[in-house]
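In what follows, chain A forms one complex with chain B and a second complex with chain C.
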Partner chain A sequence: MNSLFKNLLALLALLVAFNVHAAADLEVNTPGVNAIKNSMQTRHGQLSAYYASGAVGLTMDGMIAVRDAGSVPLAARQTVNALVAAENQDRSALYAEIANANGHPEWQAEIRTTFAQRWVQRAQRGWWVLSNDGWSQK
Partner chain B sequence: MRKTGMVLAVAALALSACVTINIYFPAAAAEKAADKIIEEVWQIQQSDKPATVKETK
Partner chain C sequence: MRYLTHIRNLLSALLLLSTAAGAAEFALSVADVNAPAFKAQGIRLVLPADGSADLQIANLKLQQHEFRNLRVRCGGFTLSSAQMSCRNGRLDAIPDAKLDFSYDFSGQRWQLALVAASGESWQVDGQPDKRGWQVSAQLRNAQGKRLSPLLPAGMPLPAQGALNGNVRARGDASGVQAVDADLQLAEIGFSDASGLHAAEKLRGDIKFTANRKGVAWDWQGSVVWQSGEMFWQPLYLSGDNHALSASGRYDGKSFEIEQAVLDLPEVGRMQFSATLQQGRLLQGVLRGDKLTLTKLFENYARPFLAKGALAEAALYGRADVEIQYRNDAVQALRLGLHDVGIADVSQRFALLGVNSEINWRLDAPTTARIDFAGGALLGVPLQAGQWTVNMKGLDFAVPQAELAILDGKLDLHNLHIYQQADAWRWEFAGSLLPISMEQFSEAAGLPKMLGTLAGRIPRVNYDGSEINVDGALLFNVFDGTVVATHLKLANAFGRSPQLSGDLALRNLDLDLLTRTFSFGNMQGRLDGDVNNLQLQDWQPSRFDARLYSSAGNYPRKISQRAVQNISALGGAGAAAAIQRSYLRFFENFGYERIGWSCVLRNGVCAMGGIEGANSGTYAIIKGGGIPAISVMGYNRNVSWRELLTRLKRVTQNNVKPIIK
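Take a look at the complex of A and B:
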C-alpha cells in the first residue's frame, strides 16, 4: 500500500514539475514565435494601407480576408491576395506555435479565439471586421 | 501511519496544483500574450509601458 502511495506521489511531483512554469504566463518568447512575429511585422507595413482603405479586413476567427478587391488597382490585386494568404498562413502558424511552445497543442483553438478578439479590439477606427452579420466598420 | 498521512496530504496538494495549472486554458495569460504580440506586429505604442516596440518607420 505504501509503495503505491509513493509511486503516486512521484508521478504527481513529476507532473507538477513539468507544469509549474506555465502557471503565470504563456511562453511567447521562443525562436519560432519571434520569427513569425517578425515576418508579420514586416508584412504589416504593406497591409496597413489596405486595412485603412477597407480592401482588407479582420475576421472573427483570427484571420484576415479581402473585403473589397474592387478598391484595389487591378495591377495590385494579385499582391493583396498574396499578402492575405501569407498573413493567414503566419497567423495559423503563430497560434499553433504558441500552443506547442507551452506544451499544450490542444490550446490552439482557444489561443486563436483569444487572438481574434484582441485583434478586433486593438484594430484602428475605420478598419473592417467580418462577423456573422457581415462586414462592419469599427 | 503518520508517513502515509503525510504522503496523502502532499499528493492531494500536488493534485490540486495540477488541476489549477494544467487543465484549464489560462485565458488571462493568453490575452496578455496576445496583446503583447499584437502591439509588436501592429507597432502600437503603449503610453503606460516603456517603449520596447521596434520603430521601423
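Take a look at the complex of A and C:
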C-alpha cells in the first residue's frame, strides 16, 4: 500500500514537472526578451568563427565556455573571454526573463535545461560540446 | 665535490680490475648517490671494450624535479687518474643534442657542454675558488623549451625561442652566495595550459645580480622588453621598449623593492617602491608625472572593467599620480589632472578639459576644486563649470553645483556619492532652469519642439541597483506640466533596465504639440494620465493611459489633416467613416471634446474613446461648433507595435489627406 502511494506520488510529481514544461512559453515576446535576443544575435556574428575553430564551445548547462584559448591569436584572447562572459550574462538574463514573462520565476532552471538542449541541437556540425565526459565534437 | 672523488676511486678500481682481467666489457652498479643538490638511484655504468660508455640512472632527483630512466651513451669515454671525460655523448632525453662532459680530478674542475643544431650550445663550467666554488654557464642560441622539464608545472612553460648570454653563480658549503645573469631573449614564446598567460616572439634583455649578506639577499635587476606580444589575462601588451629597473632586498620573509623605475611607452615613467610578504602587498608608493592617460587607460585599466559605460569610454589628457598604500588600503591619492577628458564611445556622455589638483586621504577630510571646459550628455552640450567636492574617505559630497546646459542650467543640491556595504550609492536633488525646447530638441536629435523645458527634481537616489525618485518630478513642457511620480528604475546599469512610474499631463498646448510632431494642426488643451507605466529596456510593456480635453474655455479646432491622421491610426476601415464629400471644403473643424484611452497588456493596446463604452464603436473626437466633425474608433484591440508603425507613418511621411 505504502509503495503504491509512493508510486502515485512519483507519478504526480512527474505530471507536475511535465505540466510546467508544457506550459512555459519559450517564445514569449517582451521588450526585455527582445533586447537580450537582439544583443545575442549581434554577438553571434563575432562568436560563430570561434565556435567553428573550436576556441569556444557549448556547455550542457545552457552556457558557453572557452575551450581552447591557445587557438586564438594573443591579441584576440581577451576579446574572446569578454564575448563569452557577455554571452553567458545574456543567456542567464534570457532564462530569467522568459521565466518572469511566464509569471513563474521558479521555472528558470527548467527553461535553462530546455534551452541547453535546443542550443546543442541547433549547433553546427563540428562545434564542440562540453558534457560530463568532457569536450566532444558534434 | 666529495661524491665525485668517491666515484673516481670506484672507477679507478674498476679500471684496474678490467686491465688485470683483460675482459671485453665491464659493468658497475651503484645503489645510490646522495649529494646536497641531487640524489641518484639505480646507477649502472657499462664500459664496453671499444672505449665507449653507457650510463643509466633509474631515478634522478634534482632539487624538486624527478627524472626517471636517464641514459647517457658516451661515444668516447676515457678515465685516467687525472681526468674522466665523456665525448660525443647522447642523452636519451635530449636525442638531438651532443653531450660532452669532463672532470679534472686534481683541479676539481668540471665542464659540461650540450651542443645541437643551429649553433645551439649550453656550456657549463664548475671549479673551486678561494671561498668555495663557482659555476658559470654560457648560452648560445639555447632553446628555451629545454628548460620546461625543470620548471614547476602550472607555470607558463617556454615552447619557442632561444636564450643567449651568461649566468654565473658563486657559493660555499652553506649554499649559493651570489648570482649574476645577463641574458638576451630571442623570439621566446611561452604559454600555460589554459592559454591565459602566454607570449610570442619576445625579444629583450634581462640583467640580474644578487648577493647574499647573512640571511638576506641584496638584488638588482633590469628588464628591457623590445618586441613581441604577451597576453596575461586580461592584459594584452606588445613590447615596445618597455623597461623596468629595480633594486631591493629579500630576507627570506619579506621581499622589498626599494626603488623601481618603470617606463611604459606612450604612457610615461613611473617610480615605485613596495614591500611584499608571501605575495601580499604590505605597503607601497607609486608616483608618475605627466602620464598620458589615453594608453594608460586603454592598455592597463579598460581590460579589467566589465562591460559598462566606463569600459566603453576613452580618456584623454595627462595626469600626475601619487598613490600610497598601507594596511590593506590606499591611504592617500594625489591626482593632478591636466586637460583631462572622458568620452563614452557611443556618445552618451563626455566631460572635457578637466583640470584639478586632488589630494585625497583615507583618514582626513579634504576639498578639491574641479574645473571643466565643457561636455555633453545624451547629445546635449554642457557648458564650462567648476565644482567643489568635499571628500572624506569614500564619501564625496558636492553641496551645490551648477551644470550649464544650452541656455539654461541644472542646479544640483546635495550631490552625495558614497560607498556602503560594498556598493556605490548616490543621491541628489535639483532643479532645471528653463532650457529652450527648440535648442534642446535639436541637440537631442528629437523633432523640433517649441516652448521651454524646466522642472523640479526632488531627491533622486541610487542604492546600488535601483534608482528611486522621491516625490514628484515636474517638467514644464508645451506650455503645460508633466508630473512624474513613483518613478523607479530597476536594474539601472544592467541588461534591460526597467522603469516604472505614473505620469500626469496637464494643460498641454495641442497647437505646440501637433506642430512639433507634424501631425496636422490641432488647437486646444490636453490632459492625460499614464498610470502603472512600465518600460522594459525603454520600451513600454504595460500602462493604463487616458488622454482627454482639459477643462476650461479655449479655442477648439482641428485641421483636416489631423482628422485624417487620427482616423488613419484607427486603421484603413476607420478612415472611411468620416470621409464625407462636403468635408473637402473646410480646412478646420470645431470639436467639443477629445478622449482616447489605451490599456497596454502583452503588446496589445485595448482602446477606448470619450465614453467608457465596453464594446463597439467609440468616439475619439466629439464634434461641436460649425463645421463640426466627430471621429469614431472601430477597432478596440490593436497591436502596440502596429499602432507605433502607423503613428510613425503619419508623422514622418506627412501624408496628404485624401478627402472624397
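Following the convention adopted for this analysis, the second predicted complex is superposed on the first by the 111 of 138 C-alpha atoms of A that agree within 3 Å, B and C clash if a C-alpha of one lies under 4 Å from a C-alpha of the other, contacts with A are read in each partner's own complex, and residues count from 1 in each chain.
Operating definition for what follows: a contact is a pair of C-beta atoms (placed from the backbone, for glycine too) under 8 Å apart; a residue touches a chain by one contact, two chains touch by 3 or more.
Keep in mind the model is a prediction, meaning the values are calculated, not measured.
By the touch criterion defined above, A:Ile111 lies against chain B but remains apart from chain C after alignment on the C-alpha atoms of chain A. More residues of chain A are touched by B (comparison of chain B with chain C). Contact with chain B, but none with chain C, is seen for A:Gln41 once the two complexes are overlaid on the shared chain. When the two structures are aligned on the shared chain, A:Trp119 is found in touch with chain B, with no touch to chain C. By the touch criterion stated above, A:Ala69 is placed in contact with chain C alone, chain B being left untouched.
After overlaying the two complexes on the shared chain, residue contacts for A:Pro31 are found with chain C alone; chain B is out of touch.
Annotation: chain A has no residue touching chain B in one complex and chain C in the other. Against chain C, in their complex, chain A makes its touches with residues 29-32, 34-36, 39, 68-70, 72, 74-75, 77-78, 81-82, 85-86, 89-90, 93, 97.
Those residues of chain B whose C-beta lies close enough to touch chain A in the complex are 3-4, 7-8, 10-11, 14-15, 17-18, 20-22, 25-27, 29-44, 54, 56. Residues of chain C touching chain A in their complex: 191, 194-196, 198-200, 229-231, 233-236, 238, 303, 306-307, 494-496, 498, 535-541, 603.
Contact residues on chain A toward chain B in their complex (touch as defined above): 1-2, 5-6, 8-9, 12-13, 15-16, 19-20, 22-26, 28, 33, 37, 40-42, 44-45, 48, 94, 98, 104, 107, 110-111, 114-115, 117-119, 122.
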